[in-house]
Amino acid sequence: MAQNPFPLGKDELLKAYRTMRTIREFEERLHVDFAKGDIPGFVHLYAGEEACATGIMMHLNDNDRIASTHRGHGHCIAKGVDVHAMMAEIYGRSTGACRGKGGSMHIADLSKGMMGANGILGAGAPLICGAALAAKVRGDRGVGITFVGDGASNQGTFLESLNLAAVWNLPVVFVVENNGYAESTAMEWAVSCDSYVDRATGFGMPGVTVDGTDFFAVYEAAGEIIRRARDGGGPALLECNMVRFYGHFEGDAQTYRAKGELEAIRASRDCLTILSERVIEAGVIGRDELQAIDREVNALIEDATRAAKAAPLPTPDDLLRDVYVAY
Amino acid sequence: MSRKISMKQAINEALDLEMRRDPTVIVMGEDIVGGTGAQGEDDAWGGVLGVTKGLYAKHGDRLMDTPLSESAYIGAAVGAAACGLRPVAELMFLDFMGVCFDQIFNQAAKFRYMFGGKAETPVVIRGMVGAGFRAAAQHSQMLTPLFTHIPGLKVVCPSNAYDAKGLLIQSIRDNDPVIFCEHKNLYGLECEVPAESYAIPFGEANVLRDGDDVTIVSYGLTVHRAMEAAAALAKDGTEAEVIDLRTLSPIDWDTIVESVERTGRLVVVDEAHPRCNLATDIAAFVGQNAFGALKAGIQMVTAPHTPVPFAPSLEDLYVPSADSIASAVKRTLSPKGASPRIAA
Amino acid sequence: MLNERIKPIVMPKWGLSMSEGKVTGWLKRPGSTISIGDELLEVETDKITNVVEAGETGVLRRVLGEPGTVYPVKALIAVLAEPDVPDDDIDAFINSYAVPASEDDGEAEAGPQYHTAETPAGTIRYAKRGESGPTVLLVHGFGGDLDNWLFTIDALAEKATVYALDLPGHGQSNKQIADPSLSGLSKAVLGFLDTVGVERAHFVGHSMGGAVSMRTALDAPGRVASLSLIASAGLGEQIDHGYIQGFVGATSRRDLKPVLETLFADRGLVSRQMIDDLLKYKRLDGVDEALRALSASLFAEGRQASVLASGIADARTPTLVVWGEEDRVIPADHAQALANTAQVAVIPGAGHMVQMEAAGKVNALLKDHIAKAD
């Protein structure tokens, strides 16, 4: 076996691959089942963006908090939320992560430090400032990570949070997941500057731009700014440039894309392929080892789907549970 | 030991006692220390009207000035609450909710339900409400109905110093988000308040005056107007029961309905605008649940459906007066009050 | 002077915080001949309604207090005089009558109404009235405070030095109770007496306070000159568990009102102010824990844990037992537990708060008992 040229040991690399493959398999299964009409509501898929969530979350523990977005399945899986509970939640079952009352856009598991996917774009940024403040008040070295798309990066909440985090010197990392589209509107048109690093600089914090399809690039850049935040060095911004394999939501015909664009990015910018090729090429991990993981993940998602479909629905009593009801 | 203090002092004392009792209680807001980073005194203001004055000396960094950035710091208070702190965030004037409402009604209010009961958000958002301060249209509103409309929020509006202290302590200890509405024209009003800590349970209206002829329900400043009206009516032999709701969500339906079942007449007084406010809410509830007890049509006394005017002469007309409340009571007592008004 | 034969009836001052009272109705007509102890009229205060009894004899020559009207304390509401006093003299007396100085002035002269003592059991609030004669200590019951002696303290203070305290966990004393047993409370009371420099006192205890007084008489007989046990705990096992549970559990006016009504024969005596004052007390941090600890220790499973009757019967401490015949909290037949060794008085038409509901009669019994025992 060749010497490992990567910043992670083999077990860690296998874990990263398993996480990314789990996200991919989860999302592709949803893509298929949604089209069949099995899933209520609407879902936003993270496929294509797995390296970002995984490269960051490899540095976090359950005491660190993340605030996610409407496109949150990948963040959940990478942060350790149970895949069966997620799938059941998406099917609106009582065994779901939120007992079927949140759905795809609101999966949360505070015991894992996952403060919730969020249907309001940009809303997670102030929340994560609060999570980081709580860590700072307790002195427990916890950090907060908020994810925002290129679209929601224009929200006042996000920009105000950059300022607040800098003023209060909070252990926060703002991650801009730049997949080029705010729903259907191009980032080049809707964002007034060329680089998010310029915005970070404007708020007095460091900013880094990485190729978000390169797991190792994300992992190394995130490691440095997370370490800095954990040590009291204050907030930072990480821009991950990446690609979205499906539409804004399932059913989106994506007519705003250029002809051949999707085929091109799938061929050249698939983060899973990039990671696999590199570890196999380096001789650190064998293709058969990855294929074994693929089979296990496939079985896991199959089982999660089967279990979700078979799980009980919430009871009528659940309608009035877990909120103060005035009437 | 009990002594007379103002509502402003009572709020300060509640914050002080709870910060002493529970290290997870933090207080944040614009100018609540006052002068942070400036060259003058360490705690120059203690809040724009001095409500938090002196707390910085006692609690140091657990009192946090914020940038003028309501979305960010109200959201941060909500996020910190979901992560184990008990933040009290001052929104100065609750009219400013417009720039941070998402964090209140889509985030704080939703977490417990939306996350299947697996999250708690023990945040208190306190701020000034109400007219009569010559503060014009954007600093004077009684926006309580906007908050009571939202499930998941608890809404409190004390009318005196004793209630303010006990309700704020309860708000801080409560595990749900609480909107704590402080009528700015009541800050100076004094009454007997125990020096010790005490909590007034939510959903417990205070019957300030017993009477068998008519029930007057109100909250906040207009409670005092209702009491003035009741005193005037007593001279003519009409005994009004006056109910101070204290908490608007949860609301004490039992006390209202029990009273109306005895008096048969109801006047609801609300400083909020007339459409979809507490007055309409209570009138509808009583109409649905105690119709048989009513001897006359329910009367509502509210602010007009206008912004709050600046000119003092106009603003004085805006807030429901003791006279308008007494007139409404008389309408319920007149023979015509019993018959439905036919709309043209 | 002619005035000496004209005796004013004034609005009484019941307890420490009363500043005015409302005449609710007269029980005697003008022209009636009045003896000491006759019930003259009813007065309602913000705390309670009670009967004003005559302290002197004469004919009720003028009735000035109008029913439904509020008068300040010491305002002239009626005039007693012998039949031969001329009407003109009475009119002149009425015209020249001036209400004595207001309460605030009086308070400044008499010193503060309440005091606090730092005792081994923590801060204890107390009131002290009277300057001479034997020393009397008033011990309230479960959930009560020194204002339960509203109609007692000033009457006894005419011929005694009277202390009334808030037990630990009660009133405005500290809310922690180190030892929520009768012995623990008894030690707290003795610690209080040490702090205020009282060696020996006539103990007057109501309900649980009666049991605390008995415990003290047994454990420290030298410090208890006599016992007056009013609707006392500790004389039998029975107690209305519903009352204890209701009192501990109530958090609202609606819940507390029916509970308090069981304390009185006349339910109408439970006023808005009485309920509000108790709710304010019950909301204080530490009170709920204190009341639960006491009720678990003293009244677990609806039975009184300590029955001290036989010990007290053997101890020979001069003892008076007073009960309201209609007591719904502790049955009046418990009074008979000491029938062989104590003076026993069961008063008709009164409930558990007999010292408030039949204040005149109870005060007369107490004065007589203390005078004889001293």
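All chains are identified by letter, namely A, B and C, in their written order; residue positions are counted from 1 within each chain.
The rule is short, and it goes like this: contacts are C-beta pairs under 8 Å (C-beta built on N, C-alpha and C of every residue); 3 or more make two chains touch, one makes a residue touch a chain.
In UniProt terms the chains read A = ABC transporter substrate-binding protein; B = Alpha-ketoacid dehydrogenase subunit beta.
Everything numeric here is computed off the predicted structure, so don't read it as measured data.
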Self-check item: Nearest-to-centre chain - CA centroid comparison
Solution: B
Exercise. Looking only at C-beta pairs in contact, point me to the busier pair out of B-C and A-B.
Key: A-B
Quiz prompt | CA centroid of chain A to CA centroid of chain C, Å | solution = 71
Quiz item: Per the centroid of Cα atoms for each chain, what is the distance between chain A and chain B, given in Å?
Solution: 40
Quiz item: Mind pulling up the chain B residues that touch chain A in the complex?
Solution: 24, 26, 62, 64, 66-67, 69, 71-85, 87, 99, 102-103, 106-107, 110-119, 148, 151-152, 154, 176, 249-251
Quiz item: Which of the residues in chain C come into contact with chain B in the complex?
Solution: 116, 125, 172, 175, 251-254, 272, 280, 283-285
Quiz item: Which of the residues in chain B end up touching chain C in this complex?
Solution: 1-2, 162, 166, 194, 196-201, 204, 206-207, 210, 254-255, 258
Quiz item: Any idea which chain A residues touch chain B in the complex?
Solution: 65, 67, 96-102, 106, 108-111, 115-116, 118-120, 123, 125-131, 133-135, 137-138, 144, 156-157, 160-161, 163-164, 167-168, 321-326
